Amino acid sequence: MTWGMEGVGDLVELSVSAWVNSPPIDLADLRGRVVMIETFQMLCPGCISHGLPLAQRVHRSFPDGEVTVLGLHTVFEHHDVMGPDALAVFVAEYRIEFPVGVDRNEGRGIPETMGRYGLRGTPSTLLLDREGRLRRSIFGAVDDLSLGVLLGRLLSEDTPAETA
Amino acid sequence: MTWGMEGVGDLVELSVSAWVNSPPIDLADLRGRVVMIETFQMLCPGCISHGLPLAQRVHRSFPDGEVTVLGLHTVFEHHDVMGPDALAVFVAEYRIEFPVGVDRNEGRGIPETMGRYGLRGTPSTLLLDREGRLRRSIFGAVDDLSLGVLLGRLLSEDTPAETA
Amino acid sequence: MTWGMEGVGDLVELSVSAWVNSPPIDLADLRGRVVMIETFQMLCPGCISHGLPLAQRVHRSFPDGEVTVLGLHTVFEHHDVMGPDALAVFVAEYRIEFPVGVDRNEGRGIPETMGRYGLRGTPSTLLLDREGRLRRSIFGAVDDLSLGVLLGRLLSEDTPAETA
Amino acid sequence: MTWGMEGVGDLVELSVSAWVNSPPIDLADLRGRVVMIETFQMLCPGCISHGLPLAQRVHRSFPDGEVTVLGLHTVFEHHDVMGPDALAVFVAEYRIEFPVGVDRNEGRGIPETMGRYGLRGTPSTLLLDREGRLRRSIFGAVDDLSLGVLLGRLLSEDTPAETA
């Protein structure tokens, strides 16, 4: 694990075809908050055993939303059995409390947001700063301690209002 | 946990519409082996986190099949998103190694084997003796130590050949 | 893990210089019960993280004592800092509920019971049948499922009274 | 868990009668680094199962010492069986890699550093900023995620050199 943040680019908006647990969300509207996006597939074992429980712990640790957690269902395989109906049951059965977006996918391949962010697979954890800019993208399991350090550093950065 | 075995009845055959990982299996053909049937639904969190990993551990602990582990997909809700295609993906992604049967269900309600065995939900763990007779039915989580004791007791019973 | 029991010898009595949590115990007096002896040293990390918690789970799973759990403090190194006073604090702080004996050690080397049973180190788990005869000796970590199977098999054996 | 840091006071130096794994350390010499002090007693179960493993994880996560981890043996009970000789065996057996100090205790009661910092018991986790000032004192278990956030925030603060 390295602790440095990645180079800062522009905000890259999500492309979501449907939301569960929430009305539509634009990253631009979350400006001022640190954002964690947990990308997953509902039949990906590592997502179920590790990524989503971790996202749930972060969500509950910041009830005021200072760190805002979003799930993103980035289906890139087995599309037929991980459609919106199946996802809705999954989110309900697993009692996932944070908003979950369906990464838009017109065809059969890589969905749109996954492509924009250049993700390699699931689970991937994306950390965005208070300006909505991607600062870390982690493929695979990240431990709680390391994720906490990264969140703590992002939380310590000035808010846009303060820097404007 | 009580350690006594339940009253002994007759062998109750499975009703399975399809098998994954295996040609069709009749309990009658497993006579002489202790059998553990792990019933589950692929979108049941307790089955994923507890029941199936436990079944996997038992399966690997008895490579000679002296304890034979079977999975049974007893879908009694959300039938549309837990069909045979979804189950096949699930079994492959989770690398489940033992045979998994689909509990036959002509309608929308309780599937046939679940009804025959009077199960209350998922996960349920069924333990059958060497004669194929149900000796314990456990609804919900069972710990490894207790399950081991029950299996050890069933393994100590005479085989049919010896009693005939 | 193999499931066969080891060759049956005679009962080998403990040599204990002091007991915590209990008046003196002779194995001969436990005839009729399956006995698990968990040998440990209070500053052995594997004993603390694995062996003693497992022994505690077995102890609690058989409140009627059908499986009787004993601890045995087999100190073979660092004798000065693992004496009886330190052990008494340890047992109290860790809330160990079963009887713990101090393996007698007149010198500085291997204590007496450890020698009699030919133990290689700590933790070692000894399983005795209803006649008090050693049937399995396991050095190092044993998983709950496997231990349960072994206990279940020993529990299924006839009691001395029945065989006499 | 609240995320705010506590009021900033002066650096409070340790009072240590002996060090294991290290030559003597003064907090003043660690200026510029974030410091985590894990206070424990070697026969405190919560310290063994939770506090020290967590400290070990933090120590390994920052091999460059940007977060410097120290252990402090704050014995306030059972002094006879938790002396320096016993501690040395404990540190070796548990393969604790970071420096461990013995909190100075001339009498039988609360040791000196424990008193200076007003600690309530063990385990307690102390977080010091780059100026060596106490910013958080946590009694009991703290989870990895929360500790990480606090460390991340302290790491984001300017170093003394930068502020001078």
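Labels for the chains are A, B, C and D, by order of writing; each one numbers its residues from 1.
By definition in this document, a contact is a pair of C-beta atoms (placed from the backbone, for glycine too) under 8 Å apart; a residue touches a chain by one contact, two chains touch by 3 or more.
Keep in mind that this is a model prediction, so the values were computed, not measured.
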item	value
Selected interface, A-B versus A-D, where C-beta contact pairs are more numerous	A-D
Copies subunit B and subunit C touch via same or different residues, half shared test	same
Inter-chain centre distance, subunit B versus subunit D - centres from mean C-alpha coordinates, in Å	50
Whole-Å gap separating subunit A and subunit B, where each centre is the average of the chain's CA atoms	37
Sequence positions of subunit B contacting 2 or more other chains	none
Category of the chain touch graph - line, ring, star, complete, other	ring
In the complex with subunit D, residue positions of subunit A that touch it	1, 3, 57-58, 61, 66, 143-157
Subunit B residues within the subunit A interface of the complex	43-45, 48-49, 78, 80-81, 83, 85-86, 89-90, 93-95
